[in-house]
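Each in structure tokens, the structures are laid out below.
Shared between the two complexes below is chain A, which pairs with chain B and chain C, respectively.
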Partner chain A sequence: MSIKNNWWKILAAVMMIYVIIAGFLIPLKPGILTVSPTYIKNGENTSIKVQAYNANYDKEPNLRAWLKFDSTHYLASSQIEVLDHNNLNISFNLNTQIPTTDTIAPVSLIIDSSVDGYSLLPGAISIKNTFDPSLPAFTNSALSDMHAWTGIKFPFRNILYETIRNTFFHVAIWMALFLLSTIAAIYSILFLRDPTKLAYEHRAYSFTAVSLLYGMIGLATGAVWARFTWGAYWTNDVRLNMAAVSVMIYFAYFILRGTITDQDKSKRFAAAFNIFAYVAMIPLLLVIPRLTDSLHPGVGGNPAFSGEDLDNTLRMVFYPAIISMILLGVWMAQIRTRIFKIEERRLLEQEL
Partner chain B sequence: MTLEFSIGRMKRRALSLLLFVFSFTQIQAQSGDDFIRSTGKIYAVVAVVLVLFLGILWYLFRLDKKIKHLENHYNNE
Partner chain C sequence: MKDIKQIFALMETELLLEFRNKFSLASIMLFAVVTVFIVFKAFNQFSPMSWNVLYWVVLLFISTNAVLKTFSVERSRTGIYYYSLLDPYKVIISKILYNFLLLFVMGILTFGLFRYFTFNPVSKYLIFFGDLALVSLGLSIVFSFASAIANGESNSGVLISILGLPLVLPILLMGIKISTIAMGITVDSEVATDFIILLAIDMMLAGLVIILFPILWKS
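And now, the complex of A and B:
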């Protein structure tokens, strides 16, 4: 086993080790988990209990908090009581008119600390507007000198929390699948152009086999995550069902290739079907889920890999994760191809 | 023969481990939501990595079986 020919296998292993270590050990940024109560009325002073995650509120003497009505209207807190590093009691003077015409106004909570940076819980509290004209007018307080966290930590996202780390496993395996199935489709085209070159067909088969494996792992890991987050292994979500359909089409490739007894015909049919499966996968996985709303992170109108969704600390681990999954897939496909090669040689020897 | 036996055993082990992953999500859900919805959900990440690893392991066992088959043919000739 020479390093010269096998360096990429070592690279795959090293990257995978890096992904697992960095993916698990880099902590999450602080964020707000829950507030209570979540429903309050204006016209009274209100104390809100806040529970945060990974925060260091006890280390910050100058905590500040706001309720955000919209992008121009903020209400600063009147008092902040630090219970411990993760728990706060924040008082707001809501004995005032509020800048909204809604009967129930959803407001976001913003907490700023020089130690942790700022954190925001969107739609944290609903305020019932009493429309009481006797209340004093609203005094707007501007946000100023917000602190941003600059170190290496993964972003804190509601609903996801620690499972944002699944970006390196569940999402990366789907990304690797796209490349592996592309390679399979290319080899299928090459085989159809020259059906005497069985090596192309064998490679197409091997890469499709690994793609299918990755697809099944992708569905299974997604189901496990969904059990923890949505409470069910499977939901009638468009993205989930389309992914399942795509994986089933690839299943059909193996059935097709295995059931037609005429060897030459079955291989050509299978190669043509492989190209169909690849072309069908693109709208099923990339287009249709984006046209509809979905529970899946990153969907609901927006692609998953732009701006806020994938920050630089995630990229630092996410890209090596994709590369290592691809290399591992190529490795497994190569071993499958080598088995084909030996089988073929054996058949030749038997004929002689 | 002994290798084949141990592969069968390990395959069963991998399967039971997979069942274990799914069952622990199930059992904990019945005994209250404190674990499965525990803050942070780091166990969800561990379960996902375990499923991924078991999936790859399953494919490696399949490849192993194919190679074993070829080896047997060559050895018998």
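And now, the complex of A and C:
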């Protein structure tokens, strides 16, 4: 047991602790939770109640707010009343015509503060256009001097909210799983090339076992996330169901390895089936979901992690999370392989 | 050319064996008839969608039964003779093709039975039977592989189901999706893409089985 050979285990543990601490303790950026009313019409002055999250509106004397019609048309607020650090009453002078030809125009709400930076709630309010020609013309007020938050906080995303932290566990564990199952498949190929080397088979088995464990954890963390964001533990989502199929295929591997009575044969067949399962998993998880509609990000033709989804603060925790999951997986697989070795030695001793 | 001839000769042998033992083919057909009849009596009223799902599920169970004995001959003494004589690639290709034909015919038969007992929701026959062909190819590939693995085990039937069912699931789901288009339940302009995906899955599985089969054949 030397530090020289086991430094990566320490690294894995330290990184995992870092991921858990940073992943759970770094707060979210401020953002707008809800507004009410969400349906208004032009031709009158309107006051909107805004509820925000993690905001510090009471510390900012110079709050500003806009309604965004499109990328060139903005309506500045006439008055902002700060109720407490999270709650505002914003008044808009909507006694004007509005710059849209739609009957009902969805507008976004933008709030800017030098303490919190700016936050935006897309499609926050629907404005009914009365098309009243007697109203005064619309006066556009462009955005200026927007404040951006520069500190270390996770991004605030509507629908996700605090569950954005699950990225470090759910997404990272699936990514680690791909690598571990690839290693398992490679060891299976090596074993089939030279069936006398049982060590390869033991490693393939161990890595597959860890992959299966990761798959189950991935499904469980995904289920919790889905309950919060999509409203149900299990949905009709393509990638989710294909992941379940992959896990079933890997279960079949263990059953196959266990049921065939002839030891040599069971190992060879299991290795062949492992390769089969691995190659079947790739299109199931990576190809088919991209071709059809899915609730997961990164499907329906989009890339998985654009700059919008994964900002630098998330990356700071996300990449260590993937690395530590991989290292922990390798570690667990190593321990499983060592159990095989001990069992073999014991069998040998018994024979002697 | 010689290879193709050999493959066809192997298929012919399979067919001869099948007809020599009349019970095996008849039992599969009886299984199909009974299952369809049970489904018909249990449901009474069908919607096109339930027709569709039941059709594929019945076909799936027929196929697990039909390919069960794919390698039963090889287990006996004849198997040793085969082993010394034949190239494993030709054996597996002929088995897959034979099972494909068997399942395709069974699919048409099941379709006829469903039509006879209930009604016919299919409006685009080309899409439906193309779909049936690709799905039965996929089923035949997966179950031939599973039965090659499970061959010789005491509980081979269970093992075939465990190994095969998760693998055929994507094929079957894709098949159900395409056949809803063939029945006009859903309108989809991208049916060609679906066919290509299904064909790609089939080809990928076929490639894998052909590569891995010699390992199984040796034992």
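The rule we apply is simple: the second predicted complex is superposed on the first by the 334 of 352 C-alpha atoms of A that agree within 3 Å, B and C clash if a C-alpha of one lies under 4 Å from a C-alpha of the other, contacts with A are read in each partner's own complex, and residues count from 1 in each chain.
In this text, a residue touches a chain if its C-beta (ideal position, glycine included) is under 8 Å from a C-beta of that chain, and two chains touch if they have at least 3 such contacts.
Quick caveat, the model's predicted, so the values are computed rather than measured.
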Touching partner for A:Phe178 - first (chain B), second (chain C), both, neither | neither
Scan A:Phe138 for contacts with chain B and chain C and give back first, second, both or neither.
-> neither
Which superposed partner A:Phe254 touches (first chain B, second chain C, both, neither) = neither
For A:Val245, is the partner it touches chain B (first), chain C (second), both, or none of the two (neither)?
-> second
Between chain B (first) and chain C (second), which, if any, makes contact with A:Ala272: first, second, both or neither?
-> second
So, A:Leu328: does it touch chain B (first), chain C (second), both, or neither?
-> first
Return first, second, both or neither, reflecting whether A:Ile342 touches chain B, chain C, both chains, or no partner chain.
-> first
The intersection of the chain A residues contacting chain B with those contacting chain C is none
Sort out for me which residues of chain C touch chain A in the complex.
-> 145, 149, 153, 155, 159, 162-163, 165-167, 169-170, 173, 193, 197, 200-201, 204-205, 208-209, 212, 215-216, 219
Chain A to chain C touching residues, read off their complex | 192, 241-242, 245, 248-249, 251-252, 255-256, 259-262, 264-265, 268-269, 272-273, 275-276, 279-280, 283-284, 287-288, 291
Touching chain B in the complex: which residues of chain A?
-> 20, 24, 28, 33, 53, 161-163, 165-166, 169-170, 173, 209-210, 213, 216-217, 220-221, 224-225, 227-229, 231, 328, 332, 335-336, 339, 342-343, 346
Would you mind writing out the residues of chain B in touch with chain A in their complex?
-> 21-22, 25, 29, 36-37, 39-45, 47-49, 51-52, 55-56, 58-60, 63, 66-67, 70, 73-74
